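Labels run A, B, C and D following the written order; every chain starts at residue 1.
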Amino acid sequence: MLSWLGRLGRVDRRWLYLGTVAVLLVPFIVTVPMPPGRASKATRGLYDAVESCPPEKVVLIDSSWDMGSQAENYAQLECVVRHLCDRGVKFVVTSIGVTPLAPSFAEQVITPIAERAGYVYGRDWVNMGYVQAGGGAGVIINGMCKDFHAVRPTDAYGRRVEELPLLGRVRSIDDIHAVYCITYSPTPEWISFVQGQYGTPVAFGCMTIMGPSYFPYLDSGQLCGMLVGNRGAAEYEELVGHPAKGTQLIMAASFGNCMIILAAVLGNLGAWARRRRERRPA
Amino acid sequence: MTHWLVIWIGAFVTLITFSYLVKDNPVYRFVQHAALGVTVGIALVVAWYHVLKPLWWTPVLEAFEGTRAPAAGLWLLALAPGGMWYFQLSRKWFWISTLVSGLFIGTAAGLAFKGMILLILPQVAASIKVVNPWAHADGPGGQALLASLNGLVFTVGLLTTLLYFFFSVRTDNRLLRPPMRVGRVMIMVALGAMFGSTVMTRMAYLLDRLQFLYGTWLAPLFSG
Amino acid sequence: MRRAVIRLVTFVGGLFFLLEFLLPERAPDWAGGFDNPLTPHLTDVTNFVIIVGTMAFLLGPINLVRSHVSTILRRRKGLLDSAAFLVFLVLGVAAAIQHFEQEASLLYDVLFYGVLFAFGASSMAMLSFYLVSAAYRAFRMSSLDAGVMMLAATVVLLGQVPVGDWITYSLPEWLHLKTWAQWVMDVPNNAVQRAVLIGACGGAFAAGLRHWLGLGAREL
Amino acid sequence: MQHADGFTAILMAAFATLILAFLWRARRGRVAYVRPIPGIASLEEAVGRATELGRPVIFVMGGSDIRDIQTHAALSVLSHVARLAARLRTPFLTLVKVANVFPFAEEVLREAYKAEGLLDQFSADQQVRFLSQDSIVYAMSAGRTIEETRAGCAIFYGTFDFTSLLMAEPGAQMGIIQIAGDPGLAQIPFFVCTCDYTIIGEEYFAAGAYLSRDPTMRGTLVSQDLIKVLLAGLVLLGTVCAQFAHPWAQAVVEFFMRYKR
């Protein structure tokens, strides 16, 4: 047993990789049921913010993710857009400063959902495209709160603000009910310049890795809600009653996480076994 | 519905990328450079179509055509500082580009002061926790006791961590050493939370790709 | 002289936003009772920063093209890679223009979702392979630090996924792994993250002043 | 709060004054006190152990630019470790990731050997290696170097990215002493489970300031400490007041809560 454990540590990397793929494919082939759960405070906060949107206001979505973070951000955008469409809340999408590829990704997620819900582009939702600045996103956020049209005079396809009826009523931060920023690590400048200056609720959708560093903002009420990784998306999908990508990936993550824990335990046992053998007189 | 060609190329590129795990190979490097080229190309076009054209080119054009107030034509002057960036390409005239980059560094700094203070004050306020179970509004019940306990752990954690990162006072005495140890343990617990989260994110990347390979590419092939 | 001008430009750049914030919305009556004179110019300044900042958009591509073209001209190693870069750069530009002008383009879809997306997502996924092998070979619980950290990590790892819910499903709620994972996030993690944030505040001010006043890395 | 209120403005002024005051002091050559952090002792121990084993010490630098202060902190630690290794006659190797850091690292090493009177033992091409600007390639080559030279100890000091695990893995598997320092928190977990000691967050700068005795580095550190004290003082004041029902105490708490909407 000891020698077997000791040998485990010297297996060629590539076998480990193959084993990883084999184990992680299981949850996609076999369906594992999701236990009924309770949404966390963070997820609930965003859900309530969307629920409480009055008809005359819109939700601003900053969708600033691309292939580098779509593994978690995709589901986070999808579930919230579905909720907005179910509730008939109108929304404006922007992509501020992170990646110029973001508008195409946002469109890929939103268009099918919006079409199915009977949302008309320009009247019910708008994609305002990408904007960047030299000194970081803060300057754009700060300016956009004051005058939306000046900073974004056209949408992602070059149509003018005047041609898009929805934007007739979105002139400044006062017309926005809440801001939802989805990217790898949303910039705290959203908190400073939107929530800090105007008190408009801000919610984040971030990769799991960034979750721990944003919880202090949730505790202080600077964030009204937050979706953390696929777990957050899965909880949201449950609240909306439409399990999708988040649910599927978080189920699969059970396998992944267990595998990492198992690998670390076996690795430690192996190291311990090797040490014991070395200590034994030859 | 996504075109079959897009899915097949996507699957091919995914497998080629994973082939790097076995061995670095020329096909991988080819795909890597192709992807970089596409990124740069698309970014160029987006910068023009989403930013410069609507915000700068159109107003200037319209001012000259007379369909907009002539003052908008002044935006043409932005070419002067904007052009300064390109002196970065010359060793001799590099310093000219530092004029415009300096402007941006200054802007970012000016906004950073404002952003930081707006961020930190609510954090200070939120750190004020009620530790005394009798000070809760509804008296010292079970919930209040729990909240006080959590408040105590929080306050101790906050202060010991701050002490751990405090460098201008001698701390190698008997009074300060135990709280510093508590601080380090607290930091380790927080790092554990970050560690678990990091692992989950990295797993999500792989799971997402496997979902694509199996769910989008392979499974439909077999189910017809 | 040159240095002084650069410093002045940097200083003025920061001054606008700082003053706009520091001056009140409306000056008190004894001081004349005028409105904040800078606020009306905020959007113009914002647009100026966006426009001039974005005008640097050719800089990165020029540098890359220069280095790849020189690789090809001098027939250095990686000639084929450089050629691939240049060809796909042109294709990328063409496809993106097509996409913006007519909204449906197979070339764009192939390049965007087929090549770019697949490569970007897969190269991130490679990290998890490395992670598994490292977890196995290198994660050693050799110190108290590592022990405490790994314990917290295990709670978070199990508490965030459904398998954790299944394990502790029949126990009372306060013993659920999910509850404990949330506690780790809400109490110890929050305390430490906030302490780090408070520390970062001083750091941000110091770095901001250094940049704003042009003091240089060595001097501050 | 679209514009600063009195309290906010005073606080901002106080922060700026503290930082500038210590900068001014430093310019006049006053060196502020900075305590030694435990990580420094562990660096010395690691070099000692490598000497006992007769194997080389490897210093792996991070990805920051020469214009970043992170690099300067790392260079002062490099100088300290190099002097120690020179004094103990232990082979010493530095790995560099960023091209413009390379000449500085070489210079620091030369100075260190000169200070120990061993300049003739120093060989720039052997002891300072520029591996690659690319993260993954750098990390893999660093790991391979640790393996191939059969290092006695490895020190990772700098800003590292997602590849931290790749470079720390081989050493952990060999069971050598490894010490890591990174100014951020994100990569620290990986170092904690693969290294024997980690220098976390701001400790990174403190170690640099302590070892270099550079007046400005130390002055900045102390002024930042005082800002922390100021903010921690506000938290403490509020926390104490929150425990009492007295109207004055409640008024103080109310004052703070205005900022938390």
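The criterion applied here is as follows: a contact is a pair of C-beta atoms (placed from the backbone, for glycine too) under 8 Å apart; a residue touches a chain by one contact, two chains touch by 3 or more.
Since the structure is predicted, the reported quantities are computational estimates derived from the model, not experimental observations.
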Query - Chain located farthest away, centre of chain A as origin (C-alpha) - result: D
Report task. State the pair with the higher C-beta contact count; candidates are B-C and A-D. Result -> B-C
Requested in this report: Indicate the whole-number Å distance between the mean C-alpha point of chain B and the mean C-alpha point of chain C.
Outcome: 3
Requested in this report: Report, in whole Å, the distance between the mean C-alpha point of chain A and the mean C-alpha point of chain D.
Outcome: 32
Report task. Could you tell me the distance, in whole angstrom, between the mean C-alpha positions of chain B and chain D? Result -> 22
**Report entry** Residues within chain D bordering two or more other chains
**Finding:** 1-2, 4, 12, 173, 185-186, 189-190, 192-193, 201-202, 225-226, 228, 231-232, 260-261
Requested in this report: Enumerate the residues of chain A that touch no fewer than two other chains.
Outcome: 9, 13, 17, 20, 70-71, 101, 131-132, 134-135, 139, 142, 151, 158, 196-197, 208-209, 211-213, 216, 219-222, 229, 231, 253, 256-257, 260
Query raised in the report: If you look at chain B, which of its residues touch at least two other chains?
Result: 21, 39, 42-43, 46-47, 49, 51, 55, 103-105, 107-108, 111-114, 116, 118-120, 122-127, 155, 158-159, 162, 165, 187-188, 190-195, 197-200, 202-203, 205-206, 208-209
Report task. Report the residues of chain C in contact with chain A in the complex, numbered from low to high. Result -> 17, 39, 42-47, 49-50, 52-54, 56, 99-100, 103, 112-113, 116-121, 124-125, 128-129, 131-133, 135-141, 150, 154, 157-158, 160-166, 169, 178, 182, 185-186, 189-190, 193-194, 197
Query - Complex contacts: residues of chain B adjacent to chain A - result: 21-22, 39, 42-43, 46-47, 49-51, 53-55, 58, 101, 103-105, 107-108, 111-112, 114-116, 118-119, 122-123, 125-126, 190, 193-194, 197-211, 214-215
Query raised in the report: Which of the residues in chain A end up touching chain D in this complex?
Result: 9, 195-199, 209, 213, 220-222
Query raised in the report: Which residues, counting only chain B, touch chain D once they are in their complex?
Result: 113, 117-118, 120-122, 124-132, 135, 155, 158-159, 162, 165-172, 187-188, 190-192, 194-195, 198
Query raised in the report: If you look only at chain A, which of its residues touch chain C in the complex?
Result: 8-9, 13, 16-17, 20, 32, 34-35, 37, 40-41, 66-68, 70-71, 101, 104, 108, 131-135, 139-140, 142-144, 146-147, 150-151, 157-158, 208, 211-213, 215-216, 219, 229, 231, 250-251, 253-261, 263-264, 266-268, 271
